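The same subunit A turns up in both complexes below, where it pairs with subunit B and then with subunit C.
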Partner chain A sequence: MVVETPLNSRRFNRRVFLRGTTLAGLSLAGAIPGISWAVRNNQLHIRNYTDVSSLDPPFMISGAEGVIANAIYQSLLQFRSDGTWNTQLDAAEYFAEIDATHYAFRLRPGQMFSNGFGELTADDVKFSLERAIDPTLNALNAEDMGPFSHVEVQDRYSGTIVLHSPYAAFVPVAIAGGTAAIMSRKAVSAAGGRFGTEPPCCSGPYLFREWRAQRKTVLERNPDWSGPAVAFDEIHVYAMSDVKASETAFEAGQLDCAEISVESTAHFRKNMPPDSKLKIYPSGRNYWLGMNQSNPALQDIRVRQAIQWGVDVNAVVEAAWFGLAQPSTGPVPAGMLGHRPSSHVPPAGDPARAKALLVEAGISLPLRLRLDVNNDALELTAVQVIQWSLKKIGIEVDIRAQDNGTFLSIGREDAGDQWQDIQLFFQSFVGGADPYYSLVWFVSEQMGRWNWERFSNEEFDLLNDKAIATTVQVERDTFYRRMQDIMEDSGCYRFVTNGVMPQIIRNTIQPAFQPDGYALLRDFQPTKGEV
Partner chain B sequence: MLEYVIRRSGLALVILLLAVTLLFAMIHMMPGDPASILLGPKASPELKAALNQRMGLDQPLLVQLARFYADLAQGDLGTDVFSNRPVLEMVLEQLPYTIVLVLAAIGGASLVGIPLGCYSAIRHNSLLDRLVGVMSVAFIAIPSFVIALYLLLLLSVKWRWFPAMGAGDSGDIVDQARHLVLPALALGLGWVGYIARLVRTSMLEVMEENHIRTARAFGLSERTIIVHYALRIAVLPTVTILGLGIGTMLSGALFAEIVFSRPGIGKLLHEGVLTRNYPVVMGSVLMTTAFFVLCTLISDVINAMLDPRVRDGESS
Partner chain C sequence: MKNFLRELSRDTPGMIGFVIVIIVLALSVFASVIAPADPLEIDVYNRLASPSWQHWLGTDQLGRDIFSRVLYGGRVALKVALISISVALLCGLLLGMIAGFGPSWLDRILVVCFDTMRSFPTVMFALAIMTLTGPSLNTVIAVIIITSIPVYARVVRTQTLAVRNLDFILAERAMGASTLRILRDHILPNISAPLLILASMDVPAVVGMEAGLSFLGLGVGPPTASWGSILNDGYSYLRNSPWPIIAGGIPLILVTLGFTFLGESMRDILDPKLRGKGALNQ
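Up next is the complex of A and B:
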């Protein structure tokens, strides 16, 4: 006999509780949208370093979006997949510079937008380019268009692009760089003038199929594509911000291609999955040690030069990049117009000369300086070697690591007064397809914005203006080399490296990357005989 | 009971508002702005000003907070200026993944931990009790990220039993469950030991109480006494702890979502903080806090339902 008491009441008991929570959990699980997992049937599964925020060309904010946009949209020109920044025709069958402010183009007839939005026309080119600078739209990438003015349409397929003033970076940055990808006027208007992660139409070799937030974007072969044949029926682009997670996913067989961290290259060399290979690509990222010349401790150029000579860049690159990267000679990476073959201060430096410079400057040692750095494992390793290098010449360095958001504000005048206090900082950014984008951040006008060194040089500013106003490549090459000479001679910079981007890839895949390491999905091919 | 629930709900609302206000202030005190972080050098002063205006960041903090609550009252969490998507939509898209993960982890831990603890108490000082004790301490002591990594390496990379990333196919419960196993294990394994220890201790206390002796004197079977009389009381502290444990699990979920590349509110929040995407951060924080407060409320109510002394004590 069981006596009915409050303790054993049947109204609510353990079973009811468990049954309820289980049902609730299953109901929630059933409500979740999802993805298909690694069904490899002529599919490419690849990691992207972050999720997509927008696939609207003037609003794309990361290279991760550019990777997808390159596969689903067409531009007049696109970059070749030969490891250079050279361009080739894409939607255009003809593209030529008429003069420094005019470019003529003619589209290939018969290229169709998806979703029934018709043929690509010169009017769509006009719409797409002019939309990027539309002041009412306030596009995030408007700056890419430089002094672009308008497009004059000649006929259904031809037109002329007009610039207000010469802008040498127009073709690589605006036209081939993705901001001026061609969208259908009708489609974008139908979407309300702007769209986010679901493009209203595509015209590239792949079509957008779906985007799942924080998960992946799925592309599929465009049946109407009339350009060079593409390899895969589907491409699954996974948003994976954690590089270690992507390494594991590759090892677990869920990815065909993934960027890995530099420190993992040794592991993969020793324990490479049997059907895979490791390839080291350039990253196009510029790493350097910056010195705030307006800070009292660094106002004497001899102190800055002592730091330049004191830092052993070879040791930094060996320790942080495991010898995979090369010391850089300036912000312009190898293979790009304006690259310097060598720097004035050799990578190994010279501690004796550094010490002599400090003595000459009358500095009492040890000199104590603070070094700000982004809280990133690779960069922290680099600054620790710099700390060790400088200790040898009598400079004690205190490292202050900060999260990326905080770090990016330390040299900015609009973010408080801390720009006055920064001394040394380890900085990096990805340049673009043109040397202009590697160097423009150091002009006097950028002081307190991105020029944290407070470097200011009239000749540098003048050369920057001249180099962007001419399309004579030899002249530009000379100007940009000279600009990097000036930077280095100011003592404000110790150039470190342009980094690397190691990728692990299935043997069945022949990948294609831009010189800055971003994937050119449309040019990924199966290895011969594999499909 | 109704009065108790109303009183608790009111308190939960106050806690929610307080937590969100505090977090609002903290988030806005962080240095850095979204335009500079996401656009880098492209973030011209004009563009930054325009973005700040669209995000309402050009207004005083109190005005921003008032606007946030005014919009919230209308069910609007703002718009992500970069993707141009409503934050509410973004958050609601991700929240179920986290809830499922947390419930799976805590549910799994309870399903294993409670019987283990109960059995250990009944057979205390037996070999199994000692074994459970050692295992429990080991599970509690090993950080969940270590467990997660080893699970990944063994079960996913080496044996390929379970996927290493993602959340599974929509509408396919089996596939979703396969994707849930490793993250839920990583998140919940430590709790198995914790719950087992807690239940064991409570059970040992309860088994010594008068009403159990009375039940034995009535000749009730040992099974009935344990299940209907002892465990019901012994599980009360565990229910409270599980409610609070949801908070810990939500923090752990962030880690699991990153390691297993699983969508979820933690990942959304993490990226929002890194990029200073304030509307997304606030939306995620609000929803996460609401979920935590709700879980605490539910655990309080369950406690009150299981033990009248709780609600009676509260009333008096």
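Up next is the complex of A and C:
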């Protein structure tokens, strides 16, 4: 007897083969855990925009590191996951401002460091905070600590933080911002005083399990965690600098949550993967067109103002952010203390006024200027619209796209003489939880470091000092608004947008993000009934 | 020339290649006449539009007419190819003949130089130069010239060495002909055919390199249209519209096909051995 199989059957033909392989593929997709859309084995798979370079709190330089640190370390306070910059207790069971330069704290007893490094104590808090400003360590984030002086330990769990002078951003920037994450004195000493991507101990709700360079970091549930319950047994954080790769990975079922590019939002709205949703979060990133006022071509304020009035920010935002973002009024984003409701130069600009300013300045047209930009699709799109806007008023702009590393050095005095040659540049950075962090980079002292515009204004510097020294919120609000007025009136800045951060998320996940779009992993939860 | 065209017309792939090359050249040269729109004109609110009567290949992410950008992009590609190959060919010809006809010590020195230059991977060399000097079209041309000279010089040297001791050259020498005359009137005509074939075959490679560097943002700067930058823009916005990728890719395919077919046909026609005539021109 001959058993009829698909291969010897007369009915086996190209169509049968294609149908069979398609069905086999679909069956396989359902069988492979990586392509299932339910929460898999109580794991969360998420994308990080870059790999970590250090998980040592005073040396963490990117938000990507902060995302992991927030899950594996504790600070005295941490940000809430309610979309605001409000803080809540973390390792501390009590935290209060005694006066403008003193903060009292008391730790929850019984919080343990991993790897046998014992209980978390006030001495560990003292060690961690003072380590961040230790001149021998020369920590990258020492400036976050501002005028922090020292910690006085009262007993095993209590202490007082002492500042040299009032520092209004101390809590959001230094304490909850990650630089002052609490490390074990014993563990760090055993690691030689400093460590890189493999922390010697953790105390957060998740423990560091492994780091694979340029691939992923794996975290696992901390069995000794005594704080609010967390949801997942494992979190896999994938380092994917290419946002397109993360989109593909999400569509392939490899990720539960991923940032997508703004240009892909329309695609995902039309072709949303099953059981998924799209959410647009604010990014907290400041984008602006900077002008180096010390360059001979831009020394005349009327030329700079002509550029401000010449750029159609509405068109820039529409082209590069697909209309998802709004024009910004300054580095301080909407919803934050010090945000300006409007800018002096309207987003649409005014080409006629711009031309008049150039005529008044006696500039012979066309004026040729160079514009440096990071070699990034979004930013290149933005600068091409700027180039087009300025061409209409007689300014020919040569765009020079540079890789990120080179671009970030062009305005720095310690990286050569090219800071003298830069004219226009399209710049961005992620602000922090306090307006101080959005504006401190533009003080005179920052000239040649991050202040590439060479902007210098006595009133601005004075207001910066005053705003950080007072804790009266109304005063701070007024100071920061005035500071942005001064920046704009200098002609050195054309504010563009604060951007957006679109995320696609499985319906099985309830995500948690800071207002700047960074994930709060410890607050990610499965949708009810999924785990 | 008439003989060449007659021979070419008998070779179908060669004729196809010839026609493609002529069309691409014509479209690029007359881009300003043919293009339906200004390739730099931005219309943000009409971005990533599908093909229509107004925009034959649709629009890119800034609402620019893709068809017009493809036409103008051809100018950039052919400019790079013609300038860099011509200069590299002339320099290679000169150095190769010096190496092949000159004293042996000079030959050895030049061969070491050629081999040293050829040992640099072209793209890596280009990236290193771009990092130092900044991206520009002139740098792209310079890099292609520098990396192509040894290729041509090596071929010319080999051909010269093969010809220099043939009887008619020895006879010229015996009759007191100057070195310059021997090189110009006797050696050059005998080595030019393989060079022309090589140059023709190199055009798609050079166009591809320019497109590759522009794709990486290291070629022409925005807003100038280049096939590579059209592809790069298209890649970023592929989910929104496939037209920039299609529009940037097709001319690259056509140029590669056209010049390769033409080059192969030229080889068949101009190479005496393949042609079956079995003798040198003289």
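Some points to look at:
Please note the rule applied: the second predicted complex is superposed on the first by the 491 of 531 C-alpha atoms of A that agree within 3 Å, B and C clash if a C-alpha of one lies under 4 Å from a C-alpha of the other, contacts with A are read in each partner's own complex, and residues count from 1 in each chain.
The definition used in the following text is that contacts are C-beta pairs under 8 Å (C-beta built on N, C-alpha and C of every residue); 3 or more make two chains touch, one makes a residue touch a chain.
If you're wondering where the values come from, they're calculated on a predicted model, not measured in any experiment.
In the superposed model, A:S342 makes contact with neither subunit B nor subunit C. In the superposition on chain A, contact is made by A:A266 with subunit C only, not with subunit B.
Using the contact criterion defined above for the overlaid structures, shared-chain residue A:D398 touches subunit C, although it does not reach subunit B. In the superposed model, A:T406 lies in contact with both subunit B and subunit C. If you count the residues of subunit A touched by subunit B and by subunit C, you find the higher number for B.
Once the two complexes are overlaid on the shared chain, A:N42 sits clear of subunit B and of subunit C alike. In the superposed model, A:Q473 makes contact with neither subunit B nor subunit C.
Of the two partner chains, neither subunit B nor subunit C is touched by A:N507. Comparing the two complexes, residues 244, 403, 406 of subunit A contact subunit B in one case and subunit C in the other. Only residues 40, 42, 44-45, 47, 61-62, 131, 134-135, 217, 221-223, 232-233, 236-237, 239-240 of subunit C touch subunit A when the two sit together in their complex.
Per the touch definition, subunit A reaches subunit B in the complex via residues 1-3, 6-8, 12-14, 17-18, 21-22, 24-26, 28-38, 50-51, 53-54, 59, 61-62, 138, 140-144, 194-197, 212-216, 238, 240-242, 244-246, 248-249, 251-254, 403-406, 408-410, 412, 414-416, 429, 440-441, 449-450.
Subunit B meets subunit A in the complex at residues 30-33, 36-42, 44-45, 47-48, 50, 80, 82-85, 90, 93-94, 96-97, 99-100, 103-104, 107, 111, 152-153, 156-157, 160, 163-173, 175-177, 179-180, 211, 218, 220, 224, 227-229, 231-233, 235, 258-261, 263-264, 267-268, 271, 273-276, 302, 305-306, 308. Those residues of subunit A that touch subunit C in the shared complex are 244, 247, 261, 263-264, 266-267, 315, 318-319, 375, 377, 380-381, 383-385, 387-388, 398-403, 406.
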